[in-house]
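So, here come the structures, one by one.
Below are two complexes that have chain A in common, paired first with chain B and then with chain C.
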Partner chain A sequence: MTTTAGTTTATAAPAAAGISPAARAQRRRKVAMAILGWGVALIIFFPIFWMILTGFKTEADAIADPSLIFSPTLESYTEVQSRADYSKFAWNSVVVSFGSTLLALLIAIPSAYSMAFLPTRRTRGTLLWMLSTKMLPSVGVLVPIYLLFRDFGLLDTRTGLTIVYTLMNLPIVVWMLYTFFKDLPRDILEAGRMDGAGTLQEIWYLLLPLTLPGIASTGLLSVILSWNEAFWSLNLTTSQAAPLTAYIASFSSPEGLFWAKLSAASTMAIAPILIFGWLTQKQMVRGLTFGAVK
Partner chain B sequence: MNRTRASGRTVGGLRTLSLQAPAVTLLLLWMIVPLAMTIWFSFQRYNLLMPGMTGFAGLENYEYLVTDPALWSAMGTTLLLVGWVLAITVVGGTLLAVLFQQEFMGRGIARVLAISPFFVMPTVSALVWKNMMMHPANGVLAWLAESLGLPAVDWFSSLPLTSIIIIVAWQWLPFALLILLTAMQSLDEDQVEAARMDGAGAIAIFFYITLPHLKRAISVVVMIEMIFLLTIFAEIFVTTSGGPGLATTNLAYLIYIRALLDFDVGTASAGGVIAIILANIVAIFLVRMVAKNLDS
Partner chain C sequence: MATLQLNQVTKSFGDTHVIKGVDLEVKDREFVVFVGPSGCGKSTLLRMIAGLESTSSGDLLIDGQRINDLGPAERGLAMVFQSYALYPHMTVEDNMGFSLKLAGVSASERRKKVDEAARILQLDPLLKRKPKALSGGQRQRVAIGRAIVRNPSIFLFDEPLSNLDAALRVQMRIELARLHEELQATMIYVTHDQIEAMTMADKIVVLQGGIVEQVGSPMELYHHPRNRFVAGFIGSPKMNFLPATVRSAGTQGVEVGLPGGGTAHIPVVGSEVAEGQALELGVRPEHLQLTGKGPLSGRVSVLERLGGQTSLYVEMDGELITLMADGDVTYRVGDEVHFGFEPGRAHLFTADGMALESLERHPLASLTRQDNRAANEVGA
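== the complex of A and B ==
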């Protein structure tokens, strides 16, 4: 007992006193890295920080000389929220992004299941083909989609936007689910397999509970992508079904500077997604690179 | 034994078919119907403002587009935008990935702050930059320049494309960082340690070990960004509306102008076909690389 205590104090003492020059250099390096790392991170984050801060200012303070000292107010928040239209846009965003995600998961789960557990010669080709549909630039098919939507009465409807987002994210959702399902040891699935249970029961009672975290992060990624999507939402909606991306864009009109209100609305629009994003960053890489970077 | 296995396979084939049918059918429709329509319209005379004028146009729309200086200017703008943003994000992302791989106090939080811009919707980031950062009178950058005794820059009228490039690069730098940081985590620490023992400096380690290790991740970043950057739209829509003049009109914005502002479906579709061809040149390489990854 005594000897161990003695050795620890003996080794700890020189380091604490800073006698070893190597250790001192190492420490100096660490401090320098911390300053550099934090400096860069704060500069990159600054516009977001500034936006959040501006949301708590009065309109007069917002356009005054930049200052960290001001009397914070919730004025802009209450005003933005009291406007009936804000909640309408926010509700559209919620319905469309969660609706399209649920729909995409529903369609993708059986497909990913069969690719992971019943692979055939065609599985690889199908997966790659799905990826290739993502490569079709939306602007290239804007005209036909716009005309089809006009003819089917889907322009400026939540249904229309939900359909587009479902199809837009379907390849990513299938790919991510496929990689998660493939990670599941087959033995576990086989051991739990019940006699006489059909494929759908097997998916529902066995696969889903086992891969729930993976499915959840896939869903979150899909929600994030739909929530932030701004090409289709700007082109296919005008007022009734317009989500937050379009609402924020309406602030681009030059008449009057409402920076505090813009900031408050923006902060509310990005806050949930920022938090989702922080939670799913790892899975995000997998999904967005189709598993090519792990 | 053999028989059950064989029958199992056919049953499996049927099951595969029925399980995959919804996803495959929907994606097939989503791809083929609009694509076919775009190609069809691109050979038609079709302007929503002139309902009487219809019919086969041959290559007229393409001819009109190709002889229109706006197309070439838009192509140039697209390439400049993609090129600059790629250069900034790849170089910056690599350096930042190395930085955030070092151990320091509060590294986790610093990382999270640095990747945050990627989760901000494009309309918000464009407006925040346009108003609060780059506003010639009340923006933070103007204030910063003023306090340093420099003249304030009217970003969007004197440097319109540069401003867009800055905004887009700010949004995509975190993406590059996120991917490269993830790739960095599979770097063999023993190898780095061994190189250090042999007397390799930090710069040599970066060029001979880190960079080769990141090669694949960098090419993934380049290709994925390229696909998104070729059709940047919202950032231009809310800041400059393609102007002044055509200074910030890229291919995506030009098609939008032709289709939804001029109602010229034929020409817009021809532009769409060009955009699809451009994107596919990039996509072929990406798909090939991912395919290689599936095999290994």
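== the complex of A and C ==
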């Protein structure tokens, strides 16, 4: 018996010696981190998962005891589609979020350029002041903006919503572009100037191509923020220019809550941006860590 | 034909005066080197010439034309940056042709000029590559190529070799000198490395604290430094400075008392000094000679054998004196050594750092690199 035990330990010993205690500790840490990561991801994803699931239930199933087992149905989807034209809302969302992003970039690129390369004593203060406007509750300016929109005939127009979204995202877009531009070696732009580039040529031939990853991720973020925005879209649009956030909201009120239909509508509203984000996530991460890894 | 003239040029950033009134004349085809310790204003001065920094006051003239108000591109200059500043997203070919593209030169013409520059710099096989696929030396050559393509009236170099390793630096130094010959262009070169300055320049401009300390040929600065700063900055290893007292001064020179009790008769103009005045004696390490019993003596503190030469660091009255001796000297640390110097090789500096002028000018003092070439041609 002793002999057997002796042999077992003898054969086990070399195998154990193959992995050092430090390596084993590291592997344990890795496993722990993986579990933690998955845990957090599941917690974050669970509501979305549940929403998608609920969209395939009947209204009765949806309010019944939570259960993973049910007979899936497209009933809610057909019902939702028959009540409101999804494509109209979706098109509004696309136009407004991409339009506002484009407009924001057009304004922000020259501003960030001048702040990054021709700074004054007040540049930093200006940037912080711009960002500080993001700390105000939007509702604080709802009345003035509403009145302005009414007087200029912008209520329930895509143009109006585009303007509001542009203004809403401008501080963060300028700030992000500013940090990307600042990372660009000054020498390269000066070399361009020696080579005869004017400001516009400098921006077009050197700045834009060299900071494209940063500009792309800034644009993506702006699109996502605009797509998900609900406060202004609910208050400034009714039918003509209403985007998908208003579409979701339209299923939540008058006749009480219909969970399955609401879930179906929500799933349809987030699907495009989810797919868009998934396709561009590599670009997003690359852009957001652009300065860090360089 | 391209000359550059600076008249009382100054530059201030707020209350900080970086360049404090510089006068300078750069002749056609001259290779001028700005040298000085970091922060002396040499790069700022170059950037002012380039047009990348504005000039606070004074005039910049190229071929007699005032260029203060012209933009960098309109001045017809080209600059090679310390970091090379290549456009990372363009191929070598596009990097070199960028200025022509902006100027609206046709693609075929562009191609021709780029090819020509690539031939001079042996960049032909690399034209389709991006900068990140090049070595440091190749990037440097592309940066120079970008300058050549513009066919500038004056080339500006801002410490172009400081990012290269020592061996490559020597090689590029030779290449640049050859390029200067081949292009027959006016070049202004900034460096903190006095060896680069000595080896490449026709004319060296020594800057310190925003003022020009001295302008002259390398040999002039070496043999006739105007003040203690230039004397210490030019030459490697650094010049030794010893305290000395005036014993007598006359038309034939100045007799000084040395530490340790010896005396020396230095052939410099003595009209400005009086007996008993405290001066500083400057002697270069290579001009100190080990002798059986020289006027100076000390104990060897450190010994560096370089093979052909040996650097001795001798402690004398608490000061370390550097001495370049033969490679085969047999001294060891702790040995007592005696040494002296040829009086004609020594310099005297007054308390305010100004050098007393030599009675005789060194025969090579006005020699430039161009003279070297002329001599060779006569020899051949």
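Convention: the second predicted complex is superposed on the first by the 182 of 294 C-alpha atoms of A that agree within 3 Å, B and C clash if a C-alpha of one lies under 4 Å from a C-alpha of the other, contacts with A are read in each partner's own complex, and residues count from 1 in each chain.
As a working rule, contacts are C-beta pairs under 8 Å (C-beta built on N, C-alpha and C of every residue); 3 or more make two chains touch, one makes a residue touch a chain.
This one's a predicted model, so the numbers in the text were calculated from it and none came from an experiment.
Looking at the overlay, what does A:A116 touch: chain B (first), chain C (second), both, or neither?
The answer is neither, since A:A116 touches no partner chain.
Would you mind checking which one, chain B or chain C, touches more residues on chain A?
Of the two chains, more chain A residues are contacted by B.
Between chain B (first) and chain C (second), which, if any, makes contact with A:V174: first, second, both or neither?
A:V174 contacts chain B only, not chain C.
Does chain B (first) or chain C (second) touch A:I270, or do both, or does neither?
first
Tell me the contact category for A:L161 with respect to chain B and chain C: first, second, both or neither.
After superposition on chain A, A:L161 lies in contact with neither partner.
Give one of first, second, both or neither to describe whether A:P144 is in contact with chain B, with chain C, with both, or with none.
first
Per the contact definition, I'd like the list of chain A residues that touch chain C in the complex.
185, 187-188, 190-197, 201, 205-206, 209-210
Within their complex, state which residues of chain B touch chain A.
Against chain A, the touching part of chain B is residues 12-13, 15-16, 19-20, 22-24, 26-27, 30-31, 33-35, 37-38, 41, 96, 99-100, 102-107, 109-133, 138, 140, 143, 170, 173-175, 178-179, 182-183, 186, 216-217, 220, 224, 227, 230-231, 233-234, 237-239, 251-252, 255-256, 259-260, 265, 268-269, 272-273, 275-276, 278-280, 282-283, 286-287, 289-291, 293-294.
Which bits of chain A are touching chain B when the two form their complex?
Going through chain A, the ones touching chain B are 30-31, 33-34, 36-38, 40-42, 44-45, 47-48, 50-51, 54, 63-66, 107-108, 110-111, 113-115, 118, 120, 124, 126-128, 130-148, 167, 170-171, 174, 199, 224, 227-228, 230-231, 234-235, 244-246, 248-249, 251-252, 257, 259, 262-263, 266, 269-270, 273-274, 276-278, 281-282, 284-285, 288-294.
Mind listing the chain C positions that touch chain A in their complex?
50, 52, 71-73, 77-79, 81-83, 85-89, 98-99, 102-103, 146, 150
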